[in-house]
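In the two complexes below, chain A is the common chain; its partner is chain B in one and chain C in the other.
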Partner chain A sequence: MADYIEQALQRPPANAPRWLDLFHQQGRRSCREKALPTGKTEDWKYTSLRALGQRDYAGQPAPVAASGDLQRHYRIADFSSHTLVFVNGHFSPALSAGSLPAGVELVRFGEADAGQAERIQNWLGKVASREQSVFTALNESGLADGIYLRVTKNTRLETPIQVIWLTTPQSEAFTVSQRLLLVMEPGSDATVMEYFTSDAAEQNSFTNGITELVLEQNARLRHYRLHAEQEQALHIGGVHASLERDANLDSFHLAVGGTLKRIDITVNHNGPGAHCNLQGVYLLRNRQHVDYHTCIEHRVPRCTSDEVFRGIIGDAARAVFNGRIHIHPDAQKTLAQLSNKNLLTSDAAEVDTKPELEIYADDVQCAHGATVAQLDETSLHYLRTRGIAADEAKVMLSFGFINELLNRIPDAAVAAHLRPMLSQFFSGEQHFVR
Partner chain B sequence: MAQQQLDHLIKSEYAAGFTTDIESDTLPPGLDEEVVAFISAKKNEPDWLRDWRLKAYRGWRKMAEPAWAHVRYPKIDFDAVSYYSSPKAMADRPKSLDEVDPELLATYEKLGIPLHEQEALAGVAVDAVFDSVSVATTFRHKLAEAGVIFCPISEAVQEYPELVQKYLGSVVPQHDNFYAALNSAVFSDGSFVYIPKGVRCPMELSTYFRINEAKTGQFERTLIIADEGSHVSYLEGCTAPMRDENQLHAAVVELVALDNAEIKYSTVQNWYPGDAEGKGGIYNFVTKRGVAHHNAHISWTQVETGSAVTWKYPSVILRGDNSIGEFYSVALTNNYQQADTGTKMIHIGKNTRSTIISKGISAGRSSNAYRGLVRMSPRSTGSRNYTQCDSLLIGDRCGAHTYPYIESRNPSAVVEHEATTSKVSDDQLYLCQQRGIDTEKAVSMIVNGFCKEVFKELPMEFAVEAGKLLEVSLEGSVG
Partner chain C sequence: MLSIENLQATVDGKAILKGLNLEVKAGEVHAIMGPNGSGKSTLGHVLAGRPGYEVTGGAVRFNGEDLLQMDTEERAREGLFLAFQYPVEIPGVSNMEFLKAAVDAVRAQRGEEPADSVSFLKQARAICKQVDLDQSFLRRGVNEGFSGGEKKRNELMQMMMLEPRLAILDETDSGLDIDALQVVANGVNALRNPEHAIVLVTHYQRLLDHIEPDFVHVLAEGRIVKSGDKSLALELEAKGYSWLEEEVA
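Right after this comes the complex of A and B.
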């Protein structure tokens, strides 16, 4: 792992705009100063980074000739959106589609003019601090391109914006350092989806993807981060949000398992009255590994947060969940809730969950809960008495377990897209990615 | 107004804070192999035990203090602590209570623990440990009739060496952790209990620990063995004088519940917590663990109100099939006290069950953390855990934290954890006041109600005591 980081640092990103140089330097420095995570590092106690050392992932991705065929890996029926597609980290104009409405500024870092570069620099790294994690620092040191999206004041965006990060194998294993910076100005409203996917071939990529969400006063964002890559694709990344007064974030997460998948989610309530809804589903089998670390920071009074994560873990897979709620002094009248439920469906599966509360204010209501169990025997029995075969009953109950969360997805087309995908998972089809 | 009354309620004095003026033999501060050998020689220990201590000491030298707990305190200078202190009068071990220094007896009298059997609480046998030695053990003969061994561990080493050798370190190995290793090297006294097969111990057993001498640490070691089908209930209480400097208490408690045995271990911990400015108090770094064999039952109940810093995780290893582990805890912190406490339930056997009920109350500028681990191993088919952690905050400058680790590797095992945090609500107070109950009383009622699930697990006399203790510890904090 140390070798990987050293090599990645020695290969500065090619074709990056000059104004990113400072970020590269700072990222590199911060990366070198940090101790590398080991099994003794609290945040990495249950997740091994061994997979990163098994191939030389420090290679640079080459541009790929766009093929319309790739669309079937991410297209969502009846979901019209403005779509940006990146293949192996390179922007693909041919695959990208849709026109942006007025009031939205969308720039790739590589194409930003001086004014835009300045605006980007104002925000870049402000929400996702390089001090948080060695991988955030590494992302910063390797940034070649990224997306800056600004929804201007009081703009209501009717059409969702979809960012597709697709990987496809190359002769040499490689790293994609990816960044999305979204600034929602006061009173704006939008839906943004990040979709990490790949083609069905065995992957040799490592994606280090960081998303920064800035929600200014009264801004509303519906956000998705979906991970449906082929299982050999490695991913370590995170979503970091900052919520100003009365801002509202609704964020939905999905991860199907992979060799190594680690996603950190931080939501900072920085203005009173902000609210965040965080939901997630993870589904694992074979020897897959998914690790979600979430952290809800309540820094100011009168904010609310509601977090629900559910997972189903089969075969010899291992799921890790860490959900932290941190109520700072003076963050009175906070309401914060977290629930994490896990279903184990095989003798060799493992789940390690740790909901955490850290509270420094008294007039708050906080609760968290976590459960680990298998499917309820009485429910199974009930279905069988109605003539439903055992296997089918299991699928029904498992699907019901996560369908509760799918039902809360605000966009019906997205829920309709995910349902057949997930039922495919339960029916035991080997390849989740079509 | 309510605030002031609450404040008053939290500000009461530590009643056990006096010192006993008594001559003592105290080792000069510092720790090396000679000190370890000295302690061993002083207690006339066999070679195996001296070597065992030395091995622990050598291991300890290579270990680092744990830094993961949610507590902050200045680094401890282990060479500034005296590792052995004994009241002079104890040099020739008194044969009976009549020979014990009256000053010592008066100390326990003052603490509400009369050691004269005729005056003692009926049905409770007490082992009183003063600094590094046990001064008296009551009701020994009555217990002996039932075949129960209840004596200071130093005596057990002489009289029942085979039992001690077999079980010492079997639950908490010498190098289990930093403080357990330190304790293994220098442990002075503590209680030893053996309940023979099929015996139900005729009375409650209890140990009362008292730190008296300045600049000493207390390192007691308790070993309880409940042989097949036996039953014992054991209580432990602790106090210390008020001093400006911090004192170290690093104890180890090992419980062995063999097949079908039951051990109920209750603690009322009231070490000196330091003053309202956070000066002084005991560092309470304790390792407590039990092993439950087939169908055995181990239950920990603790009421933690004292100590400046608490680092304590009474645990159960559920080794045998159908074994049961329980942990009931009330931890109260006030002023600048810090507590990081909880439990570990390691499910190994099939159909094992564990229950964790933890109530944390933080007031003043204190910090109170629950840290727990529930592990379902691949073999633990059909096992069950239920955990409930509730925190109550009194005041807006304190902290309440929950860090539950859940590791499950068996699909048929069910683990449930829930935690809540709240404060004494204005509605509750208002309702009480409306019924003519003043604020102070109302808060105390609400807090007592909050802790009820745990108090009901304590033996009756101690439940009353614990309720009072809570009231006193909270005095001046409410608000």
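Right after this comes the complex of A and C.
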């Protein structure tokens, strides 16, 4: 692991503009100062980083001649969007489609002019703190490209924006450090989807992906972060949001299992009256691993947060869910809810779930619950009394457990895309392939 | 069709059925009545193979086959249907998906192809209407957030879709208003023909005003203690169960 970081730091991205290069240096410094996570580090207690040492992942990804054939790995039927596609971290104009409407500014970091660079620097690294994790610092040091997306004041986007991050194997293993910085100006409204995927079963990529969401006063964002990569594609990253007064974030997360997958989600309620709704689903099998660490910071009064995560863990897979709610002394009248339910479908499957509450205000309502269970025998029996075979009934019940959350997805086309994709997970096939 | 001989069963180690005998032939409608705790619901659950209901003696033959040797789903595919007194809520599994899986399982047993979606949907909608449920119930999770009466109608809908050879209705009438009762009666009467048999487990005589049984049995202390025709139900209504319990004792 230490080797990986040292290697990565010695290979900074080339040809970066001056301002971005300074950012890289900052990341490098911070990275060198930080202690590396070990099995004794509380935040990393249940997630081993061993996989990162098994190949030389510090290589740079080469540009890929992208073919339209890759589209089948992410295209969502009946979901029209402005689509930006990155293959192994390189922007693919050929696969990207749809011109952006008025009121949206989209800039790739490497191409920013002076004014844009200034706007980017106003926020970059401000929501996702490099102090939070060595991987955030590492992301900063290796950021070859990134997207700055700004939805200007009172702009309401009818059509969603989709950002696809696809990995495809190369001769040498490699790291993709990517970042999305989304600034929703006051009164703006949009749907943004981040979709991580990969093509073949054989993968040798490590993605370090960080998203910063800034929701200014009264902004509304429906956000998806979907992780549907192949098992061998490693990912450590996260989504960090800042919510100003009366902002509204509705976020849906999905992770199918991988060799190493760790997602950190932080939502900072910085303005009174802000609301966030976080939902997430994770599905693991084989010997896969998914670790979600979520943290809701209630810093100011009258904010609400509603968080529901559900996971199904099969075979010898292991899931980790850590849900932190931190209610600061000033955050009176906070309403915070957290629920995490897990379904174990095998004796060897494992989940470590931990709600973590820190409450320093007295006039708040906070409810939390975490459960780990097997399939409900009564429901199973009921289905069987209607002639449905036990195996099929188990699949129906397992799928139903996550389908409850899919039913709440605001875009019907997205739910319709995910259902068949995820139901394959419950069939007897060995690998999660599409 | 159904032949129960000296059936004994325990629940949590406690003897509930203590030598029950019953013969049901095709085309017949039987009503089983009895006081609370007499074993009425247990009988239905034992016949449907519910885990935790242990048969300790006796035999049950269904269409000549040993019912107790069959898995729960096999019993259903052979044509046994139990309408639950307390149907289970299964959020996330749509009623439609559930019905389709059930109908296809029963069809497969008969060597038929899965129902085609269009005609299946048409049939489901028609039956939905017959049991007086809004079409939206087809898309909702199985029994999810349904009222007591809606759950009973949903049981009835499943019964009408599956057209079982033998339907056992476990207190389907309890908690229903008069309109809902009529819906249940219509559903049962529609199933009534020389090929099918129906067993109504009920606490009250009320349902039998709408569905005229061929036989009425009184279950007490895990045994059928008296059998007769429909007039027995009226007698029970008038006199209660205590006189019978005394008679048996």
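Just so it is clear, the second predicted complex is superposed on the first by the 430 of 434 C-alpha atoms of A that agree within 3 Å, B and C clash if a C-alpha of one lies under 4 Å from a C-alpha of the other, contacts with A are read in each partner's own complex, and residues count from 1 in each chain.
Assume contacts are C-beta pairs under 8 Å (C-beta built on N, C-alpha and C of every residue); 3 or more make two chains touch, one makes a residue touch a chain.
Keep in mind it's a predicted model, so treat the numbers as computed, not measured.
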Requested in this report: Superpose on chain A as described above, then tell me if chain B and chain C fit or clash.
Outcome: fit
Query raised in the report: Touching A:Glu42, do we find chain B (first), chain C (second), both, or neither?
Result: first
Report task. On the superposed three-chain arrangement, identify whether chain B or chain C touches more chain A residues. Result -> B
Query raised in the report: With the two structures laid over each other on chain A, which partner does A:Ala370 touch: chain B (first), chain C (second), both, or neither?
Result: first
Query raised in the report: What is the contact status of A:Asp330 with respect to chain B (first) and chain C (second): first, second, both, or neither?
Result: first
Report task. Go through the superposed model and pick first if A:Pro355 touches only chain B, second if only chain C, both, or neither. Result -> first
Query raised in the report: Regarding the shared-chain residue A:Ile402, is it in contact with chain B (first), chain C (second), both, or neither?
Result: second
Report task. Name the contact category of A:Ser171: first (chain B only), second (chain C only), both, or neither. Result -> neither
Requested in this report: In the overlaid three-chain picture, find the nearest pair of C-alpha atoms across chain B and chain C and give that distance in Å.
Outcome: 15
Report summary line: Both chain B and chain C touch chain A at residues none
Report task. Using the touch definition up top, name the residues of chain B that touch chain A in the complex. Result -> 68, 376, 378, 391, 393-423
Requested in this report: Show which residues of chain A lie in contact with chain C when the two form their complex.
Outcome: 377-379, 381-390, 392-393, 396-397, 399-404, 407
Query raised in the report: In their complex, what parts of chain C are in touch with chain A?
Result: 48-51, 71-73, 75-77, 81-82, 84, 87-88, 90-93, 97-98, 101-102, 105-106, 109, 141, 158, 162
Query - Contact footprint of chain B on chain A as seen in their complex - result: 42, 329-330, 332, 342, 344-374
